[in-house]
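The data blocks that follow each hold one structure.
Shared chain: chain A. Partners: chain B in the first complex, chain C in the second.
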Partner chain A sequence: MRDAIVIGSGLAGLTTALRLARGGMSVSLLSKGPGGLQLSQGTIDILGYAPDRVTRPLDALGDFAAGHPGHPYGLLGADTVRDAAGFLAELLPDLLVGDPEVNLQLPTAVGAVRPTALAQESMAAGDLKDGASYVIVGLRRLKDFQADLIAGNLDRAEVPAGGAVSARAVTIDVPVRDERDTTGLTYARALDDPSVRATFAKAVAKEVRAGEIVGLPGILGLDDHEAWRDVQQIVDHPVFEIPLPPPGVPGLRLYRTLSAIARDEGVRFITGSKVIDKRVEGDRVVSVSIDSAGRAREYAARHFVFAPGGFESGALAVDSYGAISETTFGLPLTESSAEKLIHGDYWGSEQQLFEVGVRVDESMRVLDADSAPVHSNFYAAGGLLAGAMRWSEKSGDGIAAASAVRAADTILREGN
Partner chain B sequence: MKRLQADVVVIGGGSTGAGVVRDAAMRGFKAILVDRADLGQGTTGRFHGLLHSGGRYVVSDPGSATECAEENAIITRIQPDAVEKIGGLFVATPGDDPDYADRFLAGAQATRVPAQEISVQEALRREPRLNPGIFRAIEVQDASVDGWQLVWGAARSAIEHGGQVLTYHRVTGIEHDGDQVRAVFCRDEKGGEDVQIDCQFVLNCAGPWAGQITRMAGLPEVPVIPGRGIMIAMNHRLVNTVINRLIYPADGDILVPVHTVSVIGTTDVKETDPDELPIPREEVQQMLDAGEQLIPGFRRARAVHAWSGARPLIKDDRVAASDTRHMSRGMAVIDHLQTDGVKGLLTIGGGKLTTYRLMAEHIVDTMCEQMGQMRPCTTAEEEIPPEGTKNYVITHRLEDREEDRLEDQIICECELMSRGMFTRALAEQPDGTLDDLRRQLRLGMGPCQGGFCAMRAAGIAHQSGAVDIERATGLLRLFLKNRWIGLWPILYGDQVRQTALDDWIFQGTLDVEHLPHATEEVVR
Partner chain C sequence: MNIMNALKRDTAPDAGERLGNQLARATLDHCVKCTICETSCPVSAVTPLFSGPKFVGPQGERFRDGESVDHSVDYCSSCGTCTLVCPQGVNVAELNSLARAKMKQEHGVPVRDQLISRTTLMGTAMTPVAPVANAVLGFKPARVVMEKVVGVHRDAPMPTARTQTLQGWLKKRTPPTTPRTRGPIVFFHGCAGGYFEVETSKKSIEVLEHLGYEVLVPKQGCCGLAQQSNGLFESAKKSVRTLVDQLRGAGKDLTIISSSGSCTGMLKHEAHEILGVEDEELKDVAAHVREFSEFLLDLYDEGEFPVDELRPLKMTVPYHAPCQLKSQGMGTPAADLLRLIPGLTVVDSNATCCGIAGTYGLKKEKYEIAQAVGKPLFDMVKATNKELAVCDTETCRWQIQKSTGVPTVHPAELLHRAFGLS
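The block that comes next holds the complex of A and B.
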């Protein structure tokens, strides 16, 4: 019997497991795959748009939550979000930089300027400053980083704090494998090798003019967190990474690092099988079972934190009649039919379907339709929570980490 | 104003218009085709991909059946790269009229549509997903056809024969001096200038928009009724051959494997405006139920996209004006000399993509008669692509990519579209939208619906120098907007998960909604 079982290995699941393990609890983490961090941009967003661009996310969070009844931030509050951001920064000292009080404004892989609270140190030089001049260096074999598109849009972007920047693009060819189509992940693995990244950095250095800041694809090493620094040293200009569409290397870095720390802290990982059922006695869940080879296996614990993600992970689904369901346990959701929650204007108002999820109380216990806890020891965290438009708000990481911290701290307080 | 001269102006760049400009050019006329948008962007691009064997009409419309059977053989021969010879089955499912099969076989014989009954066991062996309750099965020579390839093939052939094809030229007026057509006026939407084309003949091939064209000549609207049908593309080929219900033609009775998808269709609802074609929820449900009847478990398969098209049906006094399903699929040439006293204007309506070449032959014959210059039609003889081209098969692109994988990138993984394919199409059509290029390349038409390739395509277009940054960004925005039109009506199952991922990419990671954009969107 473990003290706690966490289901899901995205940011919410990993943060919960680490918080519990650091608090002295025995934890098993069940997940069917490698979690959602590889789908992400690898930064810790708290609040980017409300709906106008946010510069001080924790200050803006209260008013934002008040204007969005049912939003997870209404239950979590700025203090928990600050605490959660601090917890992650402390876990990942060689990766994360930034101040959760103030958003960075970082270029994206189409040249938009995206607000985020904590970024990887390798991205920080991209923070837009009036008068800066950028060179965006693309790789001919890497199709997910269109340097001309990025530079073209950056060049006409307004700096959020006021002012403008200039940007130009160059595309170079640095083969790391005998192929025309090299993925970001293949580049990242290759650049973990110091000799390859020296070659790469020298090729970049040739293109850079005096005073320029160098924007590169987010591929500067997978496991070697100092790889970007080497590149910067050789290029001899500030360099920064721009995250690519998934699988995203910066997100994978977070996943691999957090998982490794969790293993070191004694978290047991049971991966590759989907959770299929829970066993309930009285008001408590006593175990969950997974669909492993041959037979279902049951895992008992005192507390359960369910962090499977939302529609993107298949945790939530819509059937062909429009019925929305939570696919693992059939938990109650905020809406049952997708019919009226989507509309045909892509650039119009939010598609409310993606706001659907489970409701929780302030301790992150899952609630039923009558606002009573479904079970006394069953919590939810992350993308499963109802009420947020995570991608457009740029709030997903803050919600994940803060709900994880809140659930874990409740469990730690209640003890065994 | 720019001024051009022609013998004949063809209005409408769908299959009919493309067939007509080719036919006219091959007969030695100086012919110019104009369309308000891209080729195959109206009705022609919005069908299920079926090159009819004729089987569908053997009982309900025998004349159309014979035409289809003959034209099917011709198109398969002259445009092999557009046609996949997949064959078809008509199957009677539980509850269907048990006597219809015999009427079908008799009708097929009478109309000379090749058809042969096979055993239920054999049908289920060929199509294991079919409803095991089927009780009759008849094999026919259905094929699937790429409407865009077909139209572009005909247009390129026309150009080789001296014809001109002007896309994005919106007709603004047709001038006649009382009884003789003199000129067509257009607006070049991309070039931003007015164009006058002096001519003696105008062939109105605008399909469901034909009435708008006759109005521009100051004449009454021709009685063309848009008969709207919806279609849904299911991911993968759920079947290997075209599956038809063995019943009197009805809604949702055809499933066509075409390219990487299979398309279920269709409904038939009278509309008033061919530019406003909804995809109603209840019709989507109707199609899914119909699919379930043919293929048990159909609802659990993944739908990737839906669309709506308008048939240009000629009003027929014999059936109720609202019953578009049973208006004739036959073609009709309206001579405006007879109806309105204007010489040099013909309108063609009705018909279907399968018979596009024959429709062209008819209307050009009629024009020749009026001109008093009989010139023979040769469109059935001359092959359109280079000689020796084989019929399309689904593995062609895989074969091509296996060939060039070390020399070229794959920009759209779902549809195996290479960078070279994209840049070549862009060089040919530098002012095209990503949707214009999509129609020729299938960019963004697979499961991810542009999630991964749209940004790459916009970037490559900009890098190539063909479009500036404002337009590249506008094209990306337009492409996402247009893909969504066909996505949201069928947003269930795995496509919800895909959409969540796409939203995470575009909004979450790329923040595409906060790109600087012009106050006026790129619309073409």
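The block that comes next holds the complex of A and C.
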């Protein structure tokens, strides 16, 4: 029997598994697929808008939670979020930089300016500063990165701390494969090769003018985390990556690195099968079963952390009658009908449906309608937790990491 | 056996119909175009000839109005990784296997593909003349002719013929004397395990007997997996149905153990999901079959595996989990099991695929792709231990061994040693 089973391999699941494994526990991680990290920007958001743009997320967190009863940050608090950000930075020393106290303001693939707390070092030079001038370099075969659009929007953007920047665009052609459309991932794999990235960097260098900071698509190497440094050295100007729509290379870097560390720490990965059931004895879950090839397989453990994501992953769903459900175990949710929670004005006010999820106590135990734990050893973390409007708050990563740390630390304290 | 008879035209007459109904509509609408399968596909990572599982699968399928529209699906190796990683439950690999079978139905299956998918035929032909067969397959000019005439790449890995089959060994060996404390189980050796990988089968049987099981080995044929990957669905169905009867014939409700990682997957899910076999008998076997390390790791988790008896093996070995083993959705039990051996350091390859994918990497037009797919694995194996590598499936072992020069064994070999049996 394992000490703990974690369900889900997104940021919440991996952080929980790693925290437990580092605490000396034997952990199995069950997941249907590789989780949402590789669909992300590869950064760690804590709080970006509340609803105005946030510059100091941990300072803002207390007031924000007080104004949003039922928000996960109310249970977690700034200290746990700080602790979780520190844990991730410690796990990924060659990837993540930044100070969770202060947001970076980074250009996106449409030239908007996005607040985030921790970013990859290869993105940091993009932190918008008054008076800076940028050249955005696109690739003719990479359709997900339109340099004109990005530069045009940055050029008219207001720097969050005040002031303005100037930006221009160039597009070059650096083929890495004999095809017209090359994905960002194909580019990233090619740029893991030092000779290919030298060719790429020299082509970029030719386009850069004195004093410019160089914005490049987020494709500077997949497994070689130092690839961007090589490019910067050859270009001889500060360079920064802008993450693209999926497949997102910076997100893939986080996923691949965190899973590799977890494997090294002895976490058993059981990927590809959906969890279908749990077996309960008294107030405890004793095992969960998965729909593996040929038959259901049962996995017993002392503690269970459920981190399957929210609506985006299919962990929460609304059927054609408007009934909202948690699709794996049918856990109690904050709302059961979507009818009054969705309105037809797509660009209008927030759709409250996205705040629906499971309720938890301070140790992340899942609660029923009477606020009693559903089971004494059953926790939830990440996108499943009720109360947050993650996409507009830019709070999803902070909630995921902090709830993972809280659940794991509770389990470690309780022991076996 | 009349070879021409065996090679008579066989395709997948109902593949098109099944594509349109059962699988396609049931799962393809769940595709949210997240590209997770694209990031995990080992083939599209190395060649533009295959445009990727999402493009030829859920996307291409919408344009297949009764006929094939995208011939790049032939470059899919059927490794199954796309289905394994899909978080939305889309049967990407199954869609692509059916689409390829449908395409082959329209265009015919090359004789080469018909030949290389019949391991039992190769085994029965080669065993009586093993030294000659090995000499011919190791003789470069003969391989050049074979490449030109048949289309099997001159450098592709070939099995080594043995002078004795597993059944031959079973008949002649001294019966085991270990006490039968744990009851009977059935051993499924697969055709490669019967003719070529005889040592793996012997050692698996001896480990199971050492643990106290009575190991029953019924006469058995091929599971049909290689025929299935080559679009020969009718032959594959016949093979798997015969095998199901043979395995069930050994006794009712017995656990079936196999040291053939891929063939286990054929029985557990592929025959049902790709070939569309709906028999209750197949479902029964699917529920009772266990991959060798899966079975032993379950024993360990239940506290029934004698860890204390394992003697130290002081070495570091690279371990590669084959894609068709991973696609069974049970993790990588061999890696966890081998770590129970004191002194043994197991380094996971973390590689998606070795490239061979059954018979894919043998074909002259796909050999280079298969080598490129396997390259990160080959580099990792050579860097970890030049003397020994570990992998659960036959053709993957042949591929790793041929491409790296590193002898590659089944996990059972290391357990056999650790239990002091060799």
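Heads up, the rule we're going with is that the second predicted complex is superposed on the first by the 416 of 416 C-alpha atoms of A that agree within 3 Å, B and C clash if a C-alpha of one lies under 4 Å from a C-alpha of the other, contacts with A are read in each partner's own complex, and residues count from 1 in each chain.
The rule is simple: a contact is a pair of C-beta atoms (placed from the backbone, for glycine too) under 8 Å apart; a residue touches a chain by one contact, two chains touch by 3 or more.
Remember, predicted model here, so these are calculated numbers, not experimental data.
In this superposed model built on chain A, chain B and chain C occupy separate space and fit side by side. Contacts of A:K143 after superposition on the shared chain: chain B is touched, whereas chain C is not. Of the two partner chains placed around the shared chain by superposition, neither chain B nor chain C is touched by A:G70. In the superposed model, A:T271 makes contact with chain C only, not with chain B. Of the two partner chains placed by the overlay, only chain C lies in contact with A:R177; chain B stays clear of it. Of the two partner chains, chain C is the only one touched by A:R189; chain B is not. Touch counts on chain A: comparing chain C and chain B, the chain ahead is B. Within the superposed three-chain model, A:P247 lies in touch with chain C and out of touch with chain B [touch as defined at top].
Of the two partner chains, chain C is the only one touched by A:G294; chain B is not. Shared-chain residue A:A157: touches chain B; no touch with chain C.
Of the two partner chains, neither chain B nor chain C is touched by A:G23. Once you line the two complexes up on chain A, you'll see the smallest CA to CA distance from chain B to chain C is 5 Å. According to the touch criterion, the shared surface of chain A, contacted by chain B in one complex and chain C in the other, consists of residues 39, 178-179, 246, 313-314. Within the complex formed with chain B, the chain A residues making contact are 39-41, 48-49, 53, 108-114, 141, 143-144, 146-149, 152-153, 155-158, 169, 171, 178-181, 243-246, 248, 310-314, 317-322, 338-339, 342-347, 351, 353-354, 390-392, 394, 396. Within the complex formed with chain A, the chain B residues making contact are 281, 285, 288, 299-300, 303, 405-411, 419, 451-452, 455-456, 458-460, 462-463, 468-470, 472-473, 476-477, 480-481, 483-485, 488-489, 491-493, 496-497, 499-501, 503-505, 507-516. Considering their complex, residues 1-2, 28, 31-35, 38-39, 177-179, 183, 185-186, 189, 246-247, 252, 260, 263, 268-274, 290-295, 297, 300, 313-314 of chain A touch chain C.
Of all residues in chain C, only 34-36, 38-40, 45, 48, 83-89, 265, 267-269, 286-287, 289, 301, 326-332, 336, 348, 350 touch chain A in the complex they form.
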